[in-house]
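Below: a set of structures, written as structure tokens.
Look for chain A in each of the two complexes below; its partner is chain B in the first and chain C in the second.
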Partner chain A sequence: MATEADGHSDGGLVFHPMDQFIVKPLFGDGAVNMFTFTNVALWLLLAVACVIALMVLGTSKRARVPSRTQSVAELAYGFVYKMVEDVTGKDAVKYFPYIFTLFMFIVFSNFLALIPSSFSPTSHIAVTAVLGFGVFIAVTVLGFVKNGAGFLGLFWVSSAPLALRPILAIIELISYFVRPVSHSIRLAGNIMAGHAVLKVFAGFAAITAVAPLSILGITAIYALEVLVAFIQAYVFTILTCVYLKDALHPSH
Partner chain B sequence: MEGDLAHIGAGLAAIGSGAAAIGVGNVAGNYLAGALRNPSAAASQTATLFIGIAFAEALGIFAFLVSLLLMFAV
Partner chain C sequence: MATEPIDLEAAGTCVGPDGSAIGMPQLCADWMPNQIFWLLIALAAIYFVLSRIALPRIATVLAERQGTITNDIAAAEDLKQKAVEAEDAYNKALADARSEAQAIIAQNKAEMQAELDKAIAKADAEIAAKSAESEKAIAEIRASAVESVEAVAKDTAGSIVAALGGQADDSTVAAAVDARMKG
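Coming up: the complex of A and B.
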């Protein structure tokens, strides 16, 4: 996984930027099956542990003058709460715990992945697809439970001319079913591409002539990745809010 | 690396990332243009900005997915 120092000796780069995403068992080596404790499982558990540490331990004192940890916890809570209220509406606040859980989990997996030589679970489509399809199924079921057959009005654009509506309905239907795919691949793709770019720049550091440029590049890309780690969690959460709004108020 | 047609296809699919970049740039640029004309309305539209960027980016991600599939799955 580490970049080879003699990477330029045979004129080509011998390191592989995608090697960092290989899922491997932590204890012993053998085939990875459903119950193997892998590096993905470890970093997923660490993300959950960090969320619990921040939210449960951080706010356990309920100090009137908050400590630093408590302020961060309150800030995160307020940030997501306002997002749900603004985007989805006041009546959706009862789904706030789910959205807040998603946000905290993604934000912590993304940030923990930025620790050098750590592993990024959100770079795997398997992980994000569970989150994305979870949102999709939840929202679809909720839409039918809340609105009955009226939920199908989401696909019937009543503001369009009548002749166009069947065509629009097909387009809306396709775009509805593409949602979970784009929702999950956006997160995985961004994180994976970002980490691969970091590795590629790290590979250039082996070539003495461009090493200073490469280190500058890594610093800049790393700063960008810190931003991306937050923005992708934000985007995932806000899209969940948008989908939830569509389910609660399907009329176009 | 001996290339085959799948690798060429993967490279062609990567052009889609550039197209998505144009889209994201359009969204952000128009947001900034609007925000500078009416700064008081800008703060309320940041959520819309990010949703717009996310949708524009999604199609670039599909191109990325196609190239990944060509590289590793085909």
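Coming up: the complex of A and C.
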């Protein structure tokens, strides 16, 4: 990559922590248009491959006493299934495949992004915004389809004094429309920040005196990022469940 | 700076001439359609594979396992019940056998006692018979002995009287001896 070359030619510290997020075509040097096979496409498809490997190949034996891979697949299934059941309710179980798709995609994208010199799709706001707004639109449409105008009761806090209700309604409305923004920026921001920090620490390793400290820092941040990779997938999924619950049962 | 020539046209507005990013690549609108397109493909693929293959399969496996566990627990409960019953039956059989043994012992003891009593009685009777016989024999012997003593005494007395020069008839001597012997 050009980063290292530049660092040496300038003879000093030159950080390009954002270069890892550049989208490039993998074949040829052309412009990136909609259907170009880019590094984003590669790592997205790798995530798909990993999901298939775990959930389909891992469970292919349908063993009553599960193998390790099958155990992990069942663990993931049980984890998200219980989350949907506990947070959203038993009637939301039919939406479980969608939520599980989101969870598996995010968790594998996040973990694949931790491989050095890989690309992290979930650090891109374009990706997480599609996820976040997808959830938002689906949940809103579902809320109106299931409850009709009753869905607006979500904004009309009937337990508050009558005089306060219009004010609360405005606040609720704003917070409702902020949801998809925070939902998507939370994920992208966490992943992007972690990877940028790793790159900055890596840049310091060029100075011999601080290299050990820098490597120690990378190790520590990497451990934190492993945690963040899972926690952000978990947070995204559980918030999806919460939003879905609001759509199915809008009364407070 | 960069060794490879950068096609500025191709790189678009988000990458500088040195090949590094200008600002945040995340905000580069040129790349977003590409990312969204591939993301939707990836999500559709994951959803399709999960909902058609993986999730029904795992649900089946989990349900089967739950069924097996429930069945096994029921079977274990059943076997436990059977074991308890078997133990009860065993204890009952043991108690029965013990009481039967007691009865047999008591019966044997009674039979043996009866036989023993019978044998003792028989032995007693035999002993009594034998001693009666012996007594009779002794009495006979004694009687004959007394008779002999009398005869000897009469003879001896007759001889003594004759030797002393007396004249004694047998009847007198016999009377005298009888008188003496009675005295």
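In this text, the second predicted complex is superposed on the first by the 240 of 252 C-alpha atoms of A that agree within 3 Å, B and C clash if a C-alpha of one lies under 4 Å from a C-alpha of the other, contacts with A are read in each partner's own complex, and residues count from 1 in each chain.
Heads up, the rule we're going with is that contacts are C-beta pairs under 8 Å (C-beta built on N, C-alpha and C of every residue); 3 or more make two chains touch, one makes a residue touch a chain.
Here the structure is a predicted model, which means the values were calculated and not measured.
Q: Touch test for A:208: chain B only (first), chain C only (second), both, or neither?
A: neither
Q: Is A:31 touching anything from chain B or chain C once the two structures are fitted on A? First, second, both or neither.
A: Touch status of A:31: second partner only.
Q: Could you look at A:235 and tell me whether it touches chain B, chain C, both or neither (first, second, both, neither)?
A: So A:235 only meets chain B here.
Q: Report for A:117: first if it touches chain B alone, second if chain C alone, otherwise both or neither.
A: neither
Q: Going by the touch definition up top, name the partner, chain B or chain C, that contacts more of chain A.
A: After superposing on chain A, more of chain A is contacted by C.
Q: On the A-aligned overlay, A:86 touches which partner chain: chain B = first, chain C = second, or both, or neither?
A: The answer is first: A:86 touches chain B but not chain C.
Q: Between chain B (first) and chain C (second), which, if any, makes contact with A:159: first, second, both or neither?
A: neither
Q: So which positions on chain A get touched by both chain B and chain C?
A: In chain A, nothing is touched by chain B and also by chain C.
Q: Enumerate the contact residues on chain B facing chain A in the complex.
A: 47, 50-51, 53-54, 57-58, 61-62, 64-65
Q: Which residues of chain A touch chain B once you look at their complex with the stated criterion?
A: Touch list, chain A to chain B: 83, 86-87, 182, 185-186, 189-190, 193, 231, 234-235, 238-239, 242.
Q: Using the touch definition from the top, list the residues of chain C that touch chain A in their complex.
A: 1-4, 7, 9-12, 14-15, 18-21, 23-28, 30-43, 45-47, 49-51, 53-55, 57-62, 64-65, 68
Q: Name, in rising order, each residue of chain A that touches chain C in their complex.
A: The contact residues of chain A facing chain C are 1-3, 5-6, 9, 16, 18-19, 21-23, 29-36, 38, 40-41, 44-45, 47-48, 51-52, 55-56, 59, 62-64, 66, 70, 73-74, 77-78, 96-98, 100-101, 104-105, 121, 123-127, 130-131, 188, 192.
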